[in-house]
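Note that the chains are named A, B, C, D and E in the order they appear, and that numbering of residues resets to 1 at the start of each chain.
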Amino acid sequence: MKIYLKFSTALLLFAASPFILTSFHINLLTEILIFGIFALSLNVIVGYTGLVSLGHAAFFGAGAYTAGIIAQNISANLLFTLGGAVLLSVILACIIGLFCLKVSGFYFLMLTLAFSQMVYSFVYQSTGWTGGSNGLSGIPNPILFGWELSNTVWVFYVVASLFLVVYAILGIITESPFGKVLVGIKENEKRLKSMGYHTNIYKYAAFVISGIFGGVAGALYTYFNGFIAPSDIYWTMSGTVLIMVLIGGAGTMLGPVLGAALIVLLETIVSTYTNMWMMILGAVFIIFVIFFPSGIYGISKDIFKGIQNHTVRPKVKNISNEKVS
Amino acid sequence: MYRTLENNQSTTLEVDKIDILIAQMVNGLSYGMLLFVITCGLALVFGILGVLNLAHGSLYMIGGYVGYSVTATYTQSFWLALLTAPLVVAFIALIMERTLLHYTYKLGHLSQVLLTLGVAYVFHDIAKIIWGTNVLSIRVPESLAGSVSIAGQLFPLYRLVIIAVGIVIAVGIWWVQNKTRWGAIIRAGLSDREMIGALGVNISLVFTSVFVLGGILAGFGGVVAAPILGLYPDMEFQTLILALVVLVIGGLGSIAGTFTASILVGVLETFGRYLVPELSMFLVFTLMAIILVWRPNGLLGKQVAEG
Amino acid sequence: MLQIKNLNAYYGESHVLHNLSLKVGQGQVCAILGRNGMGKTTTIYSIMGMVPKREGTIEVAGRNMVTAKSYHISKSGVGLVPQGRRIFPNLTVKENLLTTKTNTENGWKHDDVFKLFPRIEERQHSMGGNLSGGEQQMLSIGRALLTNPKLLLLDEPSEGLSPLMVQEVSKIIRQLKQAGLTMLLVEQNLAMAKEIADYIYILNKGRIVFEGAVEEFNGDIQKKHLSLSS
Amino acid sequence: MYEETILEVNAINKRFGGLEILKEVSFDVSRGERIGIIGPNGAGKTTFFNLLTGDLTPTQGTIAFHGKHITNEPNYKRTRRGIARTFQKNNLLEKLSIFENLLLVLQRKHGIKSTWFKVRNNRSYRALYEEAEALLETWGLHGRRNTKVENLSYGEQRQIEIMLGVATDPSVLLLDEPTAGMSQSETDYIVELLKNLPEALTLMIIEHDLDVIFGLSDRMLVLYNGHVLADDTPEAIRDNQQVNEIYMGKARVV
Amino acid sequence: GNSAIQQSGGSGGEADASEDKVKIGAILPFSGVYASLGKDLSDGMKLYFESVDWEAGGKRIEMIEEDTGADPQEALKRTRKLIDQDDIDILTGAVSTAVAYAIRDEIVTNKLPYLTSHAGGNDLTREQKSDYIWRSSFSSWQIGNSMGKWAYENIGDRIYVAAADYAFGREVSAAFMESYKEAGGEVVGQVYPPLGNNDYASYLTTIRDSDADGVYAFFAGSDAVRFVQQYEEYGLKDKFQLLGSGWLVSEDLRESIGNAAEGVHAASFWDYNLENEENGKFTEAYEEAYDRRPTIESLEGYDAARILVETIEALDGDVSDPEEIVKAMAAVEFDSPRGPFAFDQNTHHVIQDMYILETIQEEGRTENSMIDQIENVQDPGK
């Protein structure tokens, strides 16, 4: 019940925002939601399965470029472009996953990086389709049921609804028995195998799911921006989204979204005041690691728990006495 | 290449080709050794501290810039730069380890990645404030400035010296890691910090030393590479990615692996540029992918037994 | 040699040891008994400085070590055979032994350990993580001996050892005792504990519920403090 | 006891590099047997288990389960066939609670498909919860169901280890030193629990606690230096001179 | 105002609260590989604005700078911010061509007058041209084409081409080859190392083996430093004449390059040592203000600022109508430090003189000196 309440509130808030916010802020919010989806998708493998990828931009880029190229050459119909983006992300994830899941830990990180850089090189070199280093510009606005989404507000509504859908889907997946298995894999894969789980299949499924929603985020970014650059598929993009997940709180649903919001806001706001925004961003990372290692989500939870502890329970509890035997 | 050969109707074509291959081989070797000089500090710190130091590129950059300041501004001596820059970087590494990294050992790899990336960002802007955004470069010292002819082809002497420097460093690190008690203690500390403390080893001190040593190597690499690669904004991230690739291809925790991988990447990139110039960037990552799929722990990485 | 007064130990919010006091005299061997989860290991780790929060006093050879770092404690002559062995899995057997700081010139040496456990010598180039459970236990004991401690803490040293090996280890401990080494022993193998210890403490839920010379420890006490209903 | 042979081990060999750890071990197991495995440290007992469960594959030889070759089958498939194990060294999902550990086992046991993608208040999932609660009750762990495993003492973790093995509801259960690190009273409790397992369940136990092993087994296997030194009734093993020499020493079974 | 109303209201014309100001947005890289170019452009603009006391047509000039890095996406975001939040009247800047293309559509739909002050991609004033986009800097065609014919006449009929592998590098070399071949020369080889490549040894070894008369190279920034240095180290300097664009031996790089730069021939539309009255004034003022020599980018900034000021002057400070701004801008003509300056009314791209420079050794340092001049180079617009 509570869940539905939360969702309706979010829905109402989103519906109302264009009437409250300026278009600059709507743009900002749209971007946050897109990166929120992107971070959520990465979180499936990083936060839940414990596979840290530094190549997630490959899916974002694949989704973005596919949507853009389809819109330019075939049809700007949103269902078409989004469908194409999803299809290509699936194929890409299936291929990359096949190789990357053979390794683990830091090697996984680097192998995903390698594949995404290969995709990057491909995009960069295929000047004819992708515009190469100049990027792909002049992409027509998406069309939904014959309606051209020509302004920020429409795009925002599309992004916001898809965000809610993705959030719900991923929420259900991670809460499901399947999600529990992923968490188990992150904890102790060997034991899970002994329990009878074919862990490779689970990891592969998680990887593909993660890739799909990465692609969705990419396609949305194309609708939002009307322009795609190779930098969207570069490793720095993978790095940024990984940071969003880590700073927000890996392995939680809300965390990555909060992380995306923080990073997008910081980049936008800080860089209007100073050219030294990298220093400030860096300082924020450091502060998080040293003082709030469990991320934004962790902070809010700690604060919440702190209040509870002070009011409800004594601070030190005696575990030994709890034992029932 | 084919274009060139088509136009070259002479009968010495075969000989030329072999000369070129030899020349490219030497190029590859020297580039590979340059990669090794740059990467070894990262490899050391990751291989034995388990810390993926994303600020390694920044330390390398600071080494280069300090080296520049020493040669260009205060004195004119490359050798003095080679001495002071690593020390300055070592000091920075010391501060970094004691005040920041120190807290993250218990938090795990990801926190360290985030932390060191943050540090790299901060250093990026600090370097910009101090040294500006222009492209700078260190002049090769007179004594190493000339060129040497090998197989009828000219090579800068400095490049050949780098090959020697790389080998010396490799042997040095290998010796410390394998032939001294140090190596064992550090690797033990990696798997169970608490326990190594209970055996009477002040592991934080050891960790600090290793990190500082990594800093020294980074600073040294910065000065050595600057005459070839130059100093410019964003150099640290370019270098970092390349270093990570070399590190992974070689296999974590193995200096011999890093050494092998440096040469492999150096030679492959050089020949890649020669044969398929547009794809050289693609090639390195493909190499990494192939190697990892074939050997999931890199070329010489050890499969660490589970406890 | 070791004197603990009013020790309280915590893991985060959970308070595990409550005003624990115990004493091990020079050359004495004391055993701590108790059911699972009663705080035995926590006591050992507290002495070794490995529990995050400790209050009270822990005096080793007259010096209060309650706030000291564990390497410091080790250097002042405390050796540890931890529960679960805690071998370094990524090091070979030989390297595992190499990691210890040998405090004195004329004490235990690598060869002595090998002589004691020939099995370990055979496996000296194997990775620690690949050893069998019992082999790891031997290595763990050998590693602690190499620190040439004045006070040796043994947390279930017989776990995973074959009966024959248990007798062997028991013999070694008695020899060490004879040589004057002070020891604090946690053991589930009551027979072994009784054979070695001079004095016995029983822990229950982080409190000492019985202490007395080994002769005072009998079936009744065992039933009263060590059975499930307690 | 049942006459049906369920597990046939045929001349298996295991090498690690130059070390030959198991040599020509052959061995049959009938349904419902309670087999105790003893042997000096490093004899190869755990390795033998690893071969049976698929955590390792033999260098030579074959393993058949219900007449089907499973020699090279991965461990998860064997678990689904009903071969479950516990580990000598605690091998748990440390950051998860006791309850979550258990839930993962049960979820797999009932087939992930029946619970796939179903949220908590779904019926089949609720049934799972109830089963888990009941198991925790039996093991006296109900009060600590939400405690993270890493916050348990060593002996307590050993209990979870066994509980997870039993919870799979296997037809063959391999226990690697189940009571090591447990106090006497907990040991007694566990032994009692094991004795009450269904009769059709096949049990193989490695244990250095002679009371435990002799109390539980109806057949005993002695491994020595990688080969089977003796395979006999507990009584015969007790009197076996050689076993006494290499393994038990002066220790006597009480 | 909220975005829903703004969007549906359509006009987007809000009352300008700051009637007495003209807001100029500048998107420039202050971080990343182009950071130094951004800084120089910014300094050049400020120098000129300072000289008119930040006033034009009776209004105060307010310049809002946004850091784009080298990242077009970032630039797009910044541009949106300038449009939506700061409500700027005119936009200028863009170092990277990709940035210019990225913001192009946004500018056109918002009818925002934009003066491109560096980015050189040809299409910006060809297929992608727009009433609102005017370019005062250069096009890649201008840079490459000017050297082609000259190289054939003065260097030889066989040339090897090397250029950084990105759109701009490809365009410059294509323009060069087009005019070089047209003049009768033969391109004996081409190679395109990646942008930001750090070791040219392999490429140079290949080139060394060819039988060309010269090498035409397009590299900029750190690539240029490495290329020119290694060109000498690998002994190519003695074999082939090195030709390139002004960026190969630009003012801020030559000190790092050192003596290796000596003898390079480069094509540019401006140089520090150009001898004309305006340039004398400009370089002197710049050195006085910043204590370093101006670069090509400084000049571009200086000129851009001047164009903006003259536009506003011509409108008497009334910048409310973008069409009027564009019209006024198109008419700007003046004597720039680079020589006579005027826009091509068809392409909206600058018509300017190109200079062939030679780098020489002088008093222990290298200097560029003009050895030839090609007048009124006009982009063909196709």
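Worth pointing out:
We take it that a contact is a pair of C-beta atoms (placed from the backbone, for glycine too) under 8 Å apart; a residue touches a chain by one contact, two chains touch by 3 or more.
By chain, UniProt protein names: A, B = Branched-chain amino acid transport system permease protein; C, D = Branched-chain amino acid transport system ATP-binding protein.
Given the structure is predicted, the values throughout are model-derived calculations rather than measurements.
Any chain bridging subunit B and subunit E, meaning touching each of them, is among A; the list is complete. Most remote chain with respect to subunit C, judged by CA-atom centres, is E.
Centre-to-centre spacing of subunit D and subunit E amounts to 75 Å, using the average Cα coordinate of each chain. Centroid to centroid, with C-alpha atoms defining each point, subunit A and subunit C lie 49 Å apart. The distance from the centre of subunit C to the centre of subunit D, each centre being the mean of the chain's C-alpha atoms, comes to 28 Å.
Averaging Cα coordinates per chain places subunit B and subunit C 45 Å apart. Across the assembly, subunit A contributes residues 190, 278, 319, 323, 325 that each touch 2 or more other chains. In subunit B, 128, 278, 281, 306-307 are the positions where the chain touches two or more neighbouring chains simultaneously. Shared contact sites, meaning residues of subunit D that touch two or more other chains, fall at 89, 151. Against subunit B, the residues of subunit E that register as touching in their complex are 31-33, 35-36, 39, 165, 188-194, 196-199, 201-203, 205-206, 208-211, 221-222, 224-226, 229-230, 233-235, 252-253, 256-258. Across the interface of their complex, subunit A is touched by residues 53, 55, 74-77, 79-80, 84-85, 87, 91-96, 100, 103-105, 107-109, 112, 115-120, 125, 140-144, 147, 151, 164, 168 of subunit D.
Looking at the complex, you find that subunit A touches subunit E at residues 18-27, 31, 127, 131-135, 137-138, 151-153, 225-227, 229, 231-232, 268, 271-272, 275, 277-278.
Only residues 1, 3-4, 7-8, 16, 20, 23-24, 27-28, 30-31, 34, 128, 132-137, 139, 147, 153-156, 158-159, 228-230, 232-235, 238, 269-271, 273-274, 277-278, 280-281 of subunit B touch subunit E when the two sit together in their complex. Residues 172-173, 175-178, 180-181, 183-184, 187-188, 190-199, 319, 322-325 of subunit A touch subunit D in their complex.
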